[in-house]
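Here's the structure we're looking at; comments come further down.
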Amino acid sequence: MAEIMTLIGGRSSKQGTTLCASKLGAAYAEISSTLEMNVEDMARLGLSNNSKVRLRTPAGEAILRCKGRETKDLPPGILFMTYGPLSSQLMAGDTAGSGMPISKNLDVEVEPVRDENGP
Amino acid sequence: MLVRGVLIEDTFAEAFTMRVARLVITGGTPRWAREAGLKLTGFATSVIGCKCEAGIERELSETETPDGRPGVSVLFLTMDKESLPQQLISRIGQTVLTCPTTACFDGLPDGPDRLPVGKALRVFGDGFQGSKVIGGKRYWRVPVMEGEFLVEETFGMQKGVGGGNFLILARDADAALAAAEAAVDAMANHPGVVLPFPGGVVRSGSKVGSKRYKKMVATTNDAFCPTLRALTESQLPEGVNSVLEIVLDGTDAPAIAAAMRLGIDAACRPGVQAITAGNYGGKLGPHHFHLRRIMGGESQAA
Amino acid sequence: MTLTLTLRTAPTVPLEADVLSPDRLSGVSALEAAKLTVVHGNQRADLGEFFQVGGAADGELHLTGDLAQVKQIGTGMARGRIVVHGSVGMHLGAGMTGGEIVVEGDAGDWVGPEMSGGRIVVKGNAGHMLGSARRGSQIGVRGGEIVVFGNAGNEVGNGMRRGLIAIGGDAGDFAGVNMLAGTIVVLGRLAWRAGAGMRRGSIISMHPAELLPTFSYACDYAPEFLRVCLRHVRGLGLTIADSHVNGRYQRWCGDGIELNRGEVLILDSAGTASRS
Amino acid sequence: MGSPLRIVNGRVYDPANGVNGAVQDVCVRDGKIVADVPPDAKRIDAAGMVVMPGGIDIHCHIAGPKVNLARKVQPETHQDDVQLRTRLTRSGTGGTVPSTFATGYRYATLGYTTAMEAAVTPLGARHTLEEFHDTPVLDKGFFVLVGNNLLLYRLLQEGRREELRHALAWWLKVTKAYAPKLVNPGGDEMWKGQRNANITSLDDKIGSFDLTPRRVIAAFIEAGNELGLPHPVHIHCNNLGHSGNVETTLETMRLAEGRRAHIAHIQFHSYGAAAGKSQSNPTSRARDIIEYINTHPNISADVGAVMFGPATIMTGDAPLAYMLRRFGGNKWVNADTENESGCGIVPFRYQDRVYTNALQWAIGLELLLLSEDPWRMVFSTDHPNGGSFMSYPRLIRLLMDRGYRKEQMAHVNQKALDRSALRDCQEREYSLSEIAIITRAGPARLLGLTDKGHLGVGADADVTIYEEDEDKEKMFSAPRYVIKDGELIIEDHELRADHQGRLLHVAPDYDPQIEQVIEPFFEDFYTIRFANYPVDDRYVPNGQIIPTTPSVAAAPATAGTRT
Amino acid sequence: MGENLKVVRDATCTFCGCVCDDMHLTVDLDQKRIMKAENACILGKAWFREHGIEERPLALIGGRTATTEEAVEAAAQILAQARFPLIYGLSDTTCEAQRVAVAIADMIGGTVDTTTSVCHGPSGIAFEGVGESTASLGEIKNRADLVVFWGGNPAEAHPRLFSRYAVTPKGMFIPNGRKDRTVVLVDVRRTPSTPAADIFIQVKPRSDFEVLWALRALVKGRKVDPSIERRTGVSLAVLEDLVARMKSCRFGVFLFGMGLTMNRGRHFNSGALLALATDLNEFTHWVAKPVRGHGNVTGADNVVSWQTGFPFGVNFSRGYPRFNPGEFTSVDLLTRREADAALIIASDPADNFPKAAIEHLRRIPVITLDPKATPTTQLAQVAFTTATYGINVSGTVYRMDDVPITLRPAFESPYPSDEQVLTAIRDRVRALLGGNRLPAGAPVAAAS
């Protein structure tokens, strides 16, 4: 069952240091496929750290692995991920006459991805 | 020429060129549009004493007004260009602006002169007024306690005709009045014409100037007063004991002529002896309405 | 006879065809028109490379085809009429002072920039910046009318100083932003932050809208001018219900940061306006 | 450098060499004016034309951080005034703040070959030089802002006048500047440090410093003279634009005490006030100003005339720009530079019906028409503050054509003319020779550019050839030929070649010990390293050092400096 | 560690817009590696550490190794033939290279756009509407007693903004450093930057505009509806307290990030903040500064502005510069499938552009200049390997506050600089076209 949440894209220092080395390496791929999520939301959706979730917007979809954050750090309903190839998949190309695509605070459908073997 | 036994005298009504504006006043209900129209056109019978002449042209249905509400159409006339806006500003300001639910629109969009009436009235808003341009016309929105008063920024002015008339010469006062009422009813709602006097009828026809009082611009038309038959050079035929006059103002001469035809025809009824008209020898007013020609006959009158 | 242009070769990159204006084509034969210059990307080309031209110019121009890549149609137009059987690209009717453009399909961004007169009717959807000020400029539409039957994007009427914009569908964010005067009617939904920074002017919404905290509620009433305005809009082809004409509206004044002389009018039956 | 060239049959105006309209040849070779060239040299037949040295703008704002901000903030003014590229030249955009390429080409198309950017923060010097690199044709230099410099204030506050002079020399040299510039001394410190206050008189205390503008100005005039700079301290006085500021201006000029000083855009500083009301509408006090200048040969000025139409206020005088912000159509830019300056930008429009604008217009004309020494009261609009340099031809016509002037006077706010003396200077008309002085020979002499502003042998071959025309605006709008460094840039009114002009700068000597004083200040209060501050020679691909003639030795032993 | 060590003092880090010029680098000249970067933050350390010389071909054409000359020829052919080419990136290279890139765009009648359009482009648009009160970073260090960070996370993205410029350093009128300043942080979430603030104001996502608008109204003494709290998560009382502080400080500064520009509202968010800073100058001194991401994105803004009059998104197809975000900006040109070739310099749009834009990049010939392999170089038809600015190449970069700094390279690279490659491409294109392409508006006879 999908829920609508707000996805914030951003930068992290770990991403910054990693991209200096290579954007094609495994470290960068891992960082840019990690989704920070409120722990209560995760519990409700039956997710635990490293569970796969599918994010979907009208532009596209991406599958990430989630990582829990306490409510004081990340309020319920808010998601965070670093910019990268996966966040690109979710962004619409319309810039509304500004040149800037919306890349923060996207409404995304969040859906746990069940492994074939079941949870 | 006789119409149903009533003599149509071979004379003409002499009318003047005036300036005319047409206002469309709408209201939340026909009642309030009418109330505003009545107050606006009250005390506007003759330029002699009222500085302007006005009357309700006709009532308008929802489909005929700019805002889709019931309304009345009003014609407003003055002798010169300058006094028309002055009269409109003071009269609309006192009678339409004040009247619940109403709005005031220009009814002569093609009028070659534009009178800045709404533009002057807007200042009642004390700076809180605002304007809107809709379909190329500018309107002012003046805040009032009820809500908002809407008035068009400018009103068209064109040349009109004032002083079309005919006189009903009757056997007695009852017959004269009945004929006058019938005439007024027949002319009601005629496009381009208003009857500025009370109920459309005037009993006190006047002549220019005074025989006795220097300052009087107009005094009673003694030649048509039955009580003065023995004292003055009366023009009343024998048997006529009461005369009533109908005065017509309008946007143009053909409209007045057409209305006169309907009015005279309706006035030709039992008890009426003759229909005549007032003129000044044809030298003062450019518009001459020959009664017999109007009624479809021949006229020899100058 | 009108001049008819039918797209036969789609441009591979944007085509700037500011020459497609009745004023510029006045008295021009089909043969002459085909030789007029358009700008295809960074190179000049003949109009005839892209369009089959027929008829002769008599003040009316009929364009047919998907012209979504064709920009600047009707630039500087002062009179006459353009009918587009299809969609058009950006900058439709730029600097237009008179005449009429009717687009049967959609229009791109920047419909009617710096327009001061005339009328543009878009029967489909329009892009962003409809009737909006150019970047850096404080003044958008200076007069005239823009009617969109479908939806419009962000910044409808940015900096608008006079005129009417009527939208049959929804309007995007910041409709009427920095408006100086004029009227924007939105029959569909008004998105966020309508009227931000407006000094004067009216934004009319037939649906509940979230307003900025700097807008103040004034009253519920039936604005008389709106009856006139909506009937006029009805005459332009949009579907206006009697309940819109006769309705009561909430009047919200704003933007409090600026003059506070603008207003957002929200149809009452639409429910209560809320603050954003 | 172009091939040898002989200009024949033209009427030559070379006031520096006493040539006043004589028909004589001008020969050019290797970028210089020479006595003769071989008979087969290319000839330009200048019959019916006027030959003058290339124009020199002594005070304009054409490059650097504030100019670029002013460009960026007005895209709407660029859109409809474009400069098309050609096979050879770059495209650009105009408005009152054109792009760099357009600036160079457009100056050239008016016959100008040298321009001085009049206000650059030291931190912005590198940026300015980068823009100069992309500003074609012109020779350029810039005046560096030192009048709100906090380190210099500290030295002055402590009475360290010698070190002040060395530090000033250091700043001029490491930034590759042409002259020191004071802008509203103390004003920026009041603005940045005292909640947007300003200086109101020469004796105000400057913020937390134990200093007054009077002390600052006097010290810089002294130091500038001691350094023997080709151009003295260039002063934008306090109280610019304020009613009654004439007293401040006169007092500032008196502070020079016979030493050289240049007052910038003096029109903006020549305002009186109705008695007792300082906030009232200004009146013209041009007469008092010009009388002082006429009788004090140590003082020079550029007029800073105002022309009706669009302008851009851009100034190091931040509080002034704030005062004017309400005229900016909602736009106002402020930019503070650490330890060095403030800056303000406001788009503006001078309107002939507006009292103050009309008065400003009149005062500019008054000053020029009442001036008795054209060599010391020279031409400028403080571009783009008083109007674009593109309006120079119109201003020339106003000076040369009294009929035209009278006609223009009829259109302006008459109350303003009542408060000026412009109607009393109806008669005067500038001659071509006088125009050549105020636009060429005069600025060259004031700038100390001995190779410019004249056509004598050895001068830079910067030559402009105008077709004579009764309509002087038309004549000065489009020279037939422009030669820059001997190269034909404009021929038959059109750009025919691209050209990279030179950077004109000074490199005064200083005691290297002064770096020991400056460096710790950088450590504490700058965010750029001391070592990274000086601008190196890579930014000056085509530089020319104009020598100084110091009256005081820089330092006992070592005159060398590191760069 | 090799024997051949060199110390470069006062080198500059170009990783982010802070452009700190106090790096003391210890360089192993044999290994061509920077061993130590004194004063660098965690990002700077990684920047210097990871930019050694990798074994990469000088150039690739269609995935095959090529010489630089061959690649220049291939690139020039693509650019000379294109009708609507895009030149993009430029924020991680020197001004000297940027200058040549704009010249190429002008010459061929293409579009030049920089990464500004997807970072603070909206702030640039806002600037064009309302102007800006701003300051060099040293003024903030010397004077700012109230520092407001808005929509950014400097601790992770610009660490030395805190330590070198705006929070902890002592300044002329801030003798006690951190103690003399009040630091406010406004964001939608807690980040590693939050603990640095005295006051943290957490706003609901997508409500920055409402908060800024309410602050503007309060500063002007206008009414704000208490419902502001429901919409934004911030109470009127908190806003009133902030306004009181803002009006009473001596020198206030906003440092704002892409939390404003990349968010719904875009340029209006930035514009509201810039206008708020302007409004506050009625009471005391206030400045605002967009915190810029890339090392020389500010230089790109400046170069494009002085050459064209516009900061980014500039099209030359009609023979003169035109500016219109949304029309001539990269994401739009690609998403709408308009560009028919792309020259991408020191940027990686294939990593962070919207999906539809990346898909178009795969359809058209792409030329890249980059020191490293990236998703964009992987899809390029012609890919140049270039030297890294600031590490191998000197030149000019502009700090986020428009202060230009000359780079001190640490060691030489076997690869050419961006400027060298671009100059070669420009010269070859010029030869192919016989000079600048004449404007499409020129007379027919003169057109090629």
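A, B, C, D and E label the chains in the order they appear, each numbered from 1.
Please note the rule applied: a contact is a pair of C-beta atoms (placed from the backbone, for glycine too) under 8 Å apart; a residue touches a chain by one contact, two chains touch by 3 or more.
If you're wondering where the values come from, they're calculated on a predicted model, not measured in any experiment.
Counting only chains that touch, the fewest steps needed to get from chain B to chain E is 2. Where touching is counted per the definition, the chains common to chain A and chain E are C. With centres taken as mean CA coordinates, the chain nearest to the overall protein centre is C.
Here the largest set of C-beta contact pairs joins the chains D-E.
Taking the mean of C-alpha positions as each chain's centre, the chain lying farthest from the centre of chain A is B.
Ranking all chains by how far their C-alpha centres lie from the centre of chain E, first place goes to B.
Distance from the chain B centre to the chain D centre is 75 Å, each centre being the mean of its Cα atoms. If you average the CA atoms of chain D and of chain E, the two centres end up 33 Å from each other.
Between chain A and chain B, the centres computed from C-alpha atoms are 79 Å apart.
Per-chain CA centroids place chain A at a distance of 56 Å from chain D. Those residues of chain E in touch with two or more other chains are numbered 125, 128-129, 264, 316, 323, 325-327, 441-442.
Among all residues of chain A, those that touch two or more other chains are 96-97. Residue positions 109-110, 128-129, 134-136, 138, 173 of chain C each touch two or more of the other chains. Pairs of chains that satisfy the touch definition comprise A-C, A-E, B-C, C-D, C-E, D-E. By the touch criterion stated above, chain B contacts chain C in their complex at residues 66-69, 103, 130-135, 139, 141, 147-150. Against chain E, the residues of chain A that register as touching in their complex are 6, 8-13, 16-18, 20-24, 59-60, 72-75, 78, 80, 83-85, 87-105.
Those residues of chain C lying in contact with chain E across their complex are 12-14, 16, 37, 39-44, 69, 90, 109-110, 128-129, 134-136, 138, 173-174, 177-178, 192-193, 196, 210, 212-216, 256-257, 260, 274-276. The touching residues of chain E, when paired with chain C in their complex, are 82-85, 108-110, 125, 128-129, 209-210, 213-214, 216-217, 220, 222-225, 227-228, 230-231, 264-265, 268, 316-318, 323-327, 338-340, 437, 440-442, 444, 447. On the side of chain D, the complex with chain E involves touching residues 63, 65, 67-68, 71-76, 78-79, 82-95, 97-102, 123-124, 126-127, 130-131, 133-134, 150, 191-193, 195-196, 208, 322, 328, 330-339, 345, 524-529, 531-532, 535-536, 538.
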